[in-house]
Amino acid sequence: MTTSTTPLPARIKAIRQLSGDTSLFTLQLLKQSPTQQTTPARFQPGQFLQLSVAGVGEAPISYCGLPSVNGSIELCIRKAGRVTTALHSAVVGDGVAVRGPFGHGFPLEQYTGTNLLLVAGGLGMAPLRSLLLALLQRRSCFGALTLLYGAKAPDALLFRHELADLATRKDLSIRLAVDRAGACPPGIPSCSVALLPDLLEGLEIVPQRTAVPLCGPSAAYRSLIPPLLALGIPPERIHLSLERRMQCGTGVCGHCAVGTLLCCIDGPVFAYSALQAIEGAL
Amino acid sequence: MKRPRLAIAGLSGCSGCQLALLNCEAELSLLLEQVECQFFPLAISPVELTGRYDLALVEGCCTSRHDTFLLRELRKRSSRLIALGTCAAWGGVAAMGNDRPRSRLRRQVYGNQPIPADGVPRPVSTVVTVDATVHGCPPEPAELLALLADLLHDTLPLQRSFPVCCDCRMRENLCLLQERGMLCLGLLTAGGCDARCPSLGVPCEGCRGPVPEANVTEALTIYRQKGFDAPTVLGRLRRFCPEWQYGSGA
Amino acid sequence: MAVVRNIDQIARVEGHGRLRLVQRQGRVIEARFELYESLRLFEALVVGRCFDEIPAIVCRICSICSTIHKVAALQTVEAALGVTVSPQTALLRQLAVQGGQIESHALHLFCLALPDYLDCGGLAGLARKIPHELTQGLAIKALGNQIQEQVGGRAIHPFNLLLGGMGTVPTRDRLQRLADDLRAAIAAAGASIALIAGLDGALPPLPVVPGCAVDCASSLVGTHLATTDGVRIGADDAYDWLDEQLTGTSTAKVSNFGGKGPYLVGPLARLNLNAPLEPAAKAAFRHHRSALIAASPAGSNLARTIELLQAVERAGRLIDELLQNGLHPEQPVSPQVASGSATVLCEAPRGLLLHQYRFDADGRCTAAQVVTPTAINQRALKLSLAALVDRLPAATADEFRLQAERLVRCFDPCISCAVH
Amino acid sequence: MPSLLLPHADIKAWLDRLGTDGELHAPLRGRDGAVRFDVVQQGVIPDLQALRSLLPPKKYLLPPNDTVLRYTQADGYHLPLQATTRLILLGLHPCDLAAIAYLDRQFFGDQPDPIYAARRQRLTLIGSSCRPDAYCSCHLSPSPLPAACDLFLHQTATGFLLMPETPRGSAICQATADLLRDYEPKPPPSPRDHFGVAMPPPPQTELDPRLPDWQELANHCLGCGACSLACPTCSCFELLEFGGLDGRTAERLLRWDNCLFKGHAEVAGGHSFQKDRAQRFRYRYRHKYRGYGPLQGVPSCVGCGRCRVQCPAGLDLRPLAERLEKGAP
C-alpha cells in the first residue's frame, strides 16, 4: 500500500555529468519498503519511478540501470523544470525520496530468441540503457543486437565512454548519429552526421525475427515508425515508451490518458499496434 | 547553508506588493533568518545595490527612465527575477490610460506646468526577461511565502493556468454572473486568489490579469446576454491589463 | 564652490524620494527633499470612467493608505449622487479606517522609524536589539491588517467596501474575536508609547509648524478644515484654499494654503487640534502633553504612537457598537445615475486627504482631484530641513544626512500618495 | 417483509437521532438560494427535495484542496493524520450514489489509495429518490454502476420508505424503529430502478477528430472548469508541493484539476499533449462516455446534469453523446 503513495527516503550516492544538462544520479535507498515484494530498486527495464525532492515536488523518471538487490538505483536526468532543476543543484549525500516501480516495461520475455534493434533518440537513451544492460546480462538468450542512437551533437551523446567500450564488443553493433557535427569530445565511437532514420539504411534486418524497442521524443517516433514498417517490422513488435504529464503514476490522477489507455499503468511502453488508431498518441 | 540574497524593488506602483510581504507579520522573523534581504528600500537602509542576488522581486510597472535603469541593473545582478504583482506583470492600473496619448493625460493633471519627463507604463517583461510572475493587485500573501520557500529550495514557482472561476466553484460559491447577473470577470482572470472577491459576493474585478487562453470573444457574448455592452466590459478588462488577446480560446 | 550631494533614494519611506545636500567648504548650506516618483496620473485615468469604478481604481494610489482612499472615494461618489449608507455600513467603514490607521502607524513606528534610534538599518537589526518590542509591535500591526481583512476583505485594496454598502457583512464571531484581541493589545500599545517617548530624539530643537486638520469627530471624516492658528475652511472651498502648484523638481504638487502656511498635517496636527480621544489615549496624551502641544515635527512619532493606541481603543469600541446593534445582512444601495459633484475631507494616517469628483448625466467622471497629506507636508518639511541646516552648522555631510533622514521620517512620507 | 415508513411528521426526530451516530451532512439551502451538502445542525431540516447540490458529494472523498503527504527532515514523507469522525451523508440521489461507486472503483483499484479508503470507510450513505428535471440524464446513462448505499429513502406522499441495503442501514432502522411504521401496499422500487437504462455499451472505436462538433464546443468553451469541478465523477487532480519557510518541512497538496485547462497535459518546457481545446474536449468526452484505464468501457457520466446547469456558455455534450454512443462510431 505504501509503495503507491508514500515516497521512501533515498540518498544521492553519486552524480556524474553526462552532458551539458543531463547527469547520471545514483541513489541509495535508505529503507526497504514495508511490503518486501516490491522495492523501488527492482524493476523491468522501461518502467519508471516517481522521484521526489522535498519541498519541490515529484517527477516521473525512467530507470536507467539494472535492478539491484542492495537498493542502488541509477537515473539519468535532464534539467527541465522545478524538480529536475533542484536535483541538478543537489550534491552527493543529499536526500531525495522515491516510489515505484510503476508501469509496464519492455516485454523481455517476448524477446527471447529474437533479434533486437534498439533505437534511442536523445534522452530516450536512458531507459534503453537499462534495457541494453539487461539484454547483455543474458546475452545468449537473444539474437542479433543492434543499437541506433541519435543525439543533437557529439557532446550531447549520453554515456559516451560506456558506448565506446561497448562498441568493441563483437556481439553488439552500435551506430550513432548526430544532427550536427561539433567539437568531438574524446572517446566517442565513430558517429555520422545524420538523422536517426538514416541509420536504418543498409541494416540487415530479418523483419519476422526482429523486435524494435524505441525511445525518444515524439518527433523521432513520427520519423522512425514509417521506415520501420516499410522494412516489414510488424507494428506489434515495435515497442515504444511514451511520455505524458503524470502526477500520481498509479492510474488515478487522470492526466496521462492516451486514447482510453493510461500511460502510467498501461504503458509507458506500448506496442505500436495498440497506439496506431489513437489520435495524438505520438 | 548559505542564505540566499534577495533584492526587493519598487518601480511605479503603490508599494502594495512589497507591503504584502511586510504584512506577513507572523513569518517575518523566520524569513529574516532564512534570507539575506540586502536591497529593500521600503524597509531597509542604506539603499545600495551590491554584488549579485539570488532573487530579485520587482514590483510596479516600468514608466520612467529611473525605473528602466533600476530594472536593467537588477536583471544584470540577479540569477532570477520575478515580476511581482499585476503592475509588473501586465502594466496594472497605471497602464489603464495607455489607450490615450500620454501627453494628454499629463496635461489633464498638471496643465502646462513643466514636469520631469516620463514614459508610458509597461510590463517589466517588455524591458528585461522575467523568470516567473506572481499575479495579483496585491499578490496573495500565501503565494508570496510560497515563492520565498521556493527560493530556499532552489527553484521557481509553478506557473499555473486556471481562472478565478475554478477557485470560486471549488469554494462552492453561487455564481454571481449566472445567478445574480453581475459583471464578474472571474471567467477571464488568472486564478490563485481562492476567489477572494466572489466569495464575499463581490464580482471579480480582474486584479490578477488575464488567464492563459482567455476566451474573450465568448465571454463578451455572455456578458452581452447579461446586459453589459462590449465597451463597458472592455473598460473593466483594461483596468489591470491594457492589452488583451481577443481570439477565441480554441 | 558649492558641491551637491545626492542621497539617491531615502530608505524606509514609501516611494521614491531623494535628499539633495548643497555643501560649501564642507558645510551643508542647503538641504532639499525631492520626490521623483513616476507619474501614474490617477486624476486623468478616472476621467471617462463610470462612477462605480472610481473607488476601486483610486484606492490603488497607495497600498498603505488604500482603505482611507477607498472610503474617501466611496463617500465622495455617494455624496455626489445622493446616496446614504446604512448606519451599519458607516460603522464598518470607520472600523476599516481604524484598521488602516493601526497598520500604517505600526508599520511606520516598528519597521521604518525605530531603526533610526537604535542604530540599525531595519527589521533584522531590530529583531536583534529589541526582539520583544518588535514582536509586540508586529502583533499590533497584524491586528490592523486583520481588521481590514475582516471588514474590507483584504488587508490591501479592500474590495468588500462597496458603493452604497457592503459585499458581505462580517460575522459576529469574527468581530468578537477581533474585539477581544484589540482589548488585549491596549497594554502593548500603551507600552510602545513609553518606548518611543524614552528614545533619544537627538534632533536639535526645530521650529514649530502650525497644524491643519479636518475638523471631525472620531469618524475621521469632516466638513471643515481647521488650523491651529484659527483658520476654518468649508469642504467646498478646501480645494481652492489648498491651492496645489507644481514647484521645483518634485513630481508632486505643493499646497499654498491661500498664501498662508505652511501647515503641518498628520498625527501631531490632529492632537493639537483636539481630535477626540478614547480614555487610555487621552490619559497618555495628558501625560505627554508638554512634548506634544506646540511641538516641532520632531514630536510626530510620539503623537503617532498615541494615535496608535487611540485607534486600537477606537476600533474595539466600534466593534462593541456593531455587536450591540446586532449585525444584519444588507444589500448595497444603488445610486440614481445623475450628474453631480462633491468634495470629501478626511484624515488619512499621514493627515488631511481630499477627494473631489464631478460626474456628467451618464455618471461618467469628468474631473477628479486628490490632495494627499504628503504632498501638503512638503513645505513644512522644507522649512524644517532649512532649520536643521541652521541648527547643525558644524555637521559633516554624513552626520547631517543621518539627522536629515530622521527628520524626513518623522513626517512618515508616503510618496506614491503624494505623486499619484 | 413489510417496508418501513417514516412519516413526514417524524422526520425531525429521526434526523436528531441519526446525528448521534456521527456527523450528519445533507443538502441545505443557503441564504443565497443555493444547495450545498453541509453539516446539519440540530433542528435544521435539510432540503430533501433539492435536485442538485453545487458541488457533488465527491468533496467528502476527494476534497478540492487536500494535504496528502507531509515531510519533515526526521521522518521523511508520511501520511497526514486523518480525522476519524463518522459522517452520515443523507439525501444522496441515485446519480450521486453511482458516482461514489465509480470513485470507489477508481481509488480502490489494485492498490487502495489509503487516504481515500480512510475517508470512504467513515461514510454512511443514505440515498433518496428524486424527480429528474430537464437537465438530468440519468435515464440515459448506460452505466453498469450500482447506486449502492447503506440505506435508501424512497419519497412518497406520506413520508419516506426506508430500504436498508447493508447491515449499517439495517442498524439505523433498528435504532429508530419506534419512529417507523410498517407499510404494506407494494414493495418500493430499488435505488437502481431510479437510475440508468440499458443502452448499448459504448463503442470502443476512436472518436473522429474531424467532426465539426469539437471545434464548435471549443469556440464557446471559456475554459472555466465549472463542468469538471461540478461533476461527481471528474477526479483529475494535480499534486503540488509546498516547501516550508524553515527549509526543512514540506507538504504535498492534492488539488482538483481539469482536462480543459491549458496546463493539464503540459510537460516541462511547455509542450502539451492536448494542444487545443477541441482536442481536450475529446479527452473529456472519452472519460465521460467511454471510460479509460481500468475503467475502460465504464462511462463515468451518471447524468446528474450539474455540468449543463453550471456551464456559463450553456455547453452540453449530451446530444453529441446520444449521437455517437448509439452503437455508431
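As written, the chain order gives the labels A, B, C and D, with residue 1 at the start of each chain.
We adopt the following convention: a residue touches a chain if its C-beta (ideal position, glycine included) is under 8 Å from a C-beta of that chain, and two chains touch if they have at least 3 such contacts.
Since this is a predicted model, take the numbers as computed values, not measurements.
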| item | value |
| --- | --- |
| Result of counting contacting C-beta pairs for A-B and A-D, higher pair | A-D |
| Inter-chain centre distance, subunit A versus subunit B - centres from mean C-alpha coordinates, in Å | 41 |
| Euclidean distance of C-alpha centroids - subunit A vs subunit C, Å | 63 |
| Rounded Å distance, subunit B centre to subunit D centre (Cα mean) | 36 |
| Per-residue multi-chain contacts in subunit D, two or more chains | 240, 242-244, 247 |
| Per-residue multi-chain contacts in subunit A, two or more chains | 55-57 |
| In contact (per the touch rule at the top): chain pairs | A-B, A-D, B-C, B-D |
| Subunit B - residues contacting subunit C, complex | 10-20, 22-23, 25-26, 28-29, 32, 37, 40-47, 63-64, 66-67, 92-94, 96-97, 104-106, 108-110, 113-116, 118, 121, 137-138, 196-197, 200-202, 205, 207, 232, 235-236, 239 |
| Subunit A-facing residues of subunit B, complex | 149-150, 152-156, 158 |
| Partner subunit B, residues of subunit A touching it in the complex | 53, 55-57, 82-83, 85-86, 89 |
| Residues of subunit D defined as touching subunit B within the complex | 30, 32-34, 36, 54-55, 59, 64-65, 215, 218-226, 229-230, 240, 242-247, 256, 258, 261-263, 276-278, 310, 312-313 |
| Subunit D residues touching subunit A - in the complex, by the definition given at the top | 68-69, 71, 73, 76-79, 106-107, 109, 111-115, 204, 206-207, 209, 234-244, 247, 249-250, 252, 257, 259, 264-269, 273-274, 279, 282-283, 286-287, 290-294, 296 |
